[in-house]
Amino acid sequence: MRNNDLTIAVLSGKGGTGKTLVSVNLAALLPDSTYIDCDVEEPDGHLFFKPVFGTSVPVMVKTPQVDENRCTGCHACVDFCKFNALALIGSTLMVFNEICHSCGGCVLVCPRKALSEKERMVGFVREGISRGVQVVTGTMNIGESSGVPIIEAELRIKEKNINNLTFIDCPPGSACLVRKSIQEADYCLLVAEPTVFGAHNLAMVYALVSSLHKRFSLVLNKCLGGEENPSEVFAIEHQIPIVGRIPFDSELGLLNSEAKVVVWESEKYRQLFSSILTTVLREAHHEATGNS
Amino acid sequence: MRQLVILSGKGGTGKTTVASSFIKLATAKTYADCDVDAPNLHLIGSPFPSVKQTDYFSMPKAVINANLCISCAMCRKYCRFGAIVKDKTYKVDAASCEGCGVCAFVCPAKAITMEKTKAGDLLLYSDTDNTVFSTAVLSMGSGATGLLVTQVKKQMKAASGETPLAIIDGSPGIGCPVIASLSGADMVLIVAEPSISGISDMERIIGTAQQFQVRLAVCINKYDTNLLQSSHIESYCRTRRIPFVGKIPFEPMAIKAINQGKYLVDFPCEGAKALADVFAETMDLLQAEVV
Amino acid sequence: MRIAIPVEDISVEGKVCPSFGRAPYFYLYDTEDGHTLFLQNSAAESQGGAGIKAAQLLVDNQVAVVLAPRCGENSAKVLHSANMHIYKTVSSGVSENLALFAQGKLALLDKFHAGFLGHAE
């Protein structure tokens, strides 16, 4: 079974559960894999990989601008804008960029064709290589409201490299940014920690991936021996396959906090994540053939 | 009423543990959980006797009337959000629809209307001693937005009466919901994690709060998991004159407390002591006159 | 000259509203002929950009002066572009603030909170 063209999205709902730990280290195991950081508000993966980046590609969105010679101050654009991003003083149109959703509606409704669009930058995407892993990082500019355009730009890069095993490091939460990140994923890998909060958030991402008819399995992180794991209980109750258990380990925690790729630092962790990767790939391919 | 908002940039730093501990220490009568993508605050403490539910409506979303639709696909051509899908007939994917109204405008058959959509439930819990707790639960497919955060806070303020302090547990990230939670804040307490990625995240949330000129303070949680990075955070704050209100050690009791739905400060432990000190420092700063 | 004040309800004895963009009404007072009127603020129920929409409403109603306790950057931009002056109210009483303004005792509002992507309180 080839791993070409398999895209696995790693998500957890809650932040700090280990999405980046898992996605970075699984991608790092094989040369020729791709890692895409879709947490564009707080990107971290590049801090671990430390790739040599190529040029930054700006991500642009459209914003309206007015030809004052054509504008008659009729107000049609102001009245149309559902986001209240426009204001008209006489025939001077003011545009509030950070509120504008770039829908293009104002341009369409203007009876005098006085509006056109220019582009403005909301973030940037960088690509680089680190020990054979293609690292794609998207960063949203501080003060912007939505990371969606940056995620879309990153995923367009992925479309050009369809022969790589790809891991998508998803943003926290379970709403529109996450949906965007997992939309084209072939498979989802959920990560959960052993607390009531963790189980609660696992339930939310479980509902999300189920509603999108994605195939998925679960990695339990920060596992403590002996105590009951609420996330494991949830997984068993809902028949979610568990593909790995990462122990709560202060050495692992320290390496991680020093932004080290643990599978490159120690054989112990290389083996731990290799066995998780083998199981995930087996699950992903197994379900694929089962459904074909 | 002073509003203290607790943020972290990245999740998992212990924001909710800090927020819940502060609520207990302050015997705060007014608090809110604005992290509606992953609300957790309601899992701590004893349940409230009463709750008031209100429907939360997001932007009106486009709806295509299949009887009037002539399948010309103009809507799909003009929609910039990929929200028009074809499944025998043309339909709007509400989760992707941003409510801009362009499709309704371009439709030659006038088959599209903008309709109010329920996107979740606003919940206001209250107790006989006038404690109020405001939060929300999102419907599947809906996202946390600035508007929802604003509604959660508005609901809290309307019910709060004459309390001196409101504590708000914010969302991770630096986007719209976080920016909305900064509005009206008297102070933001950032809970930082001592790791390289944690520091990068902390810098971005600080940058965001500073752009909106909100008073800031920083504390470190689980500081002893990496003493080197902890010291980096302290020097970062010192150099930029950002008030540093203390550090909390990694506390094994925290998981137990969370899993039992209890406040960490009710357990006699190092973490609880440190939290109490951070709380005292934060309150001093908050009550100090704004220059 | 027309003066506008964001208010909580339709009453001259009413209170000044702490929010500009989401005030339920604006009280308008014309200093030349003494006419008064209460404008319903359609911006109050907006999803976002309420301050901008409220400011647009005042521009469209030829207001020259705004008396308010606070105001966002975006609203201020719109109001200033229309050559309006914004003064800071000192109490919650509508008539009190009008009287103080007439006596030249109100200061210009010069600190505007940053636009919260249209979600300011």
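Each chain carries a letter (A, B and C) given by its place in the written order, and its residues are counted from 1.
Simple rule for what comes next: a contact is a pair of C-beta atoms (placed from the backbone, for glycine too) under 8 Å apart; a residue touches a chain by one contact, two chains touch by 3 or more.
Here the structure is a predicted model, which means the values were calculated and not measured.
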| item | value |
| --- | --- |
| Pair joined by the larger number of C-beta contacts - A-B, B-C | A-B |
| Innermost chain, where centres are averages of C-alpha coordinates | B |
| Chain A-chain C separation of Cα centroids, rounded to whole Å | 42 |
| Geometric centre distance via CA averages, chain B-chain A, whole Å | 19 |
| Centroid distance [mean C-alpha coordinates] between chain C and chain B, Å | 29 |
| Overlap residues in chain A, where contacts from two or more other chains coincide | 82-83, 145 |
| Residues of chain B whose C-beta touches two or more other chains | 59, 99, 146, 176, 179, 211 |
| For chain C, residues that touch 2 or more chains besides their own | 47-48, 117-118 |
| Touching residues (chain side chain C, partner chain A) in the complex | 43, 46-50, 52-53, 55-56, 59, 74, 77-78, 81-82, 115, 117-118 |
| Chain A to chain B touching residues, read off their complex | 13-17, 20, 41-42, 44, 47-48, 80, 82-83, 101-105, 108-109, 140, 142-147, 171-177, 179, 194-197, 200-201, 204, 207-208, 211, 224, 230, 250, 253-254, 256-259 |
| Residue ranges of chain A in contact with chain C within the complex | 78, 81-90, 92, 94, 96, 98-99, 145 |
| Chain B residues within the chain A interface of the complex | 9-13, 16, 37-38, 40, 43, 59-60, 78, 80-81, 95-96, 98-102, 105-106, 138, 140-144, 146, 171-176, 179, 193-198, 200-201, 204-205, 207-208, 211, 225-226, 229, 255, 258-259, 261 |
| Residue numbers on chain C that touch chain B, as the complex places them | 47-48, 113-114, 116-121 |
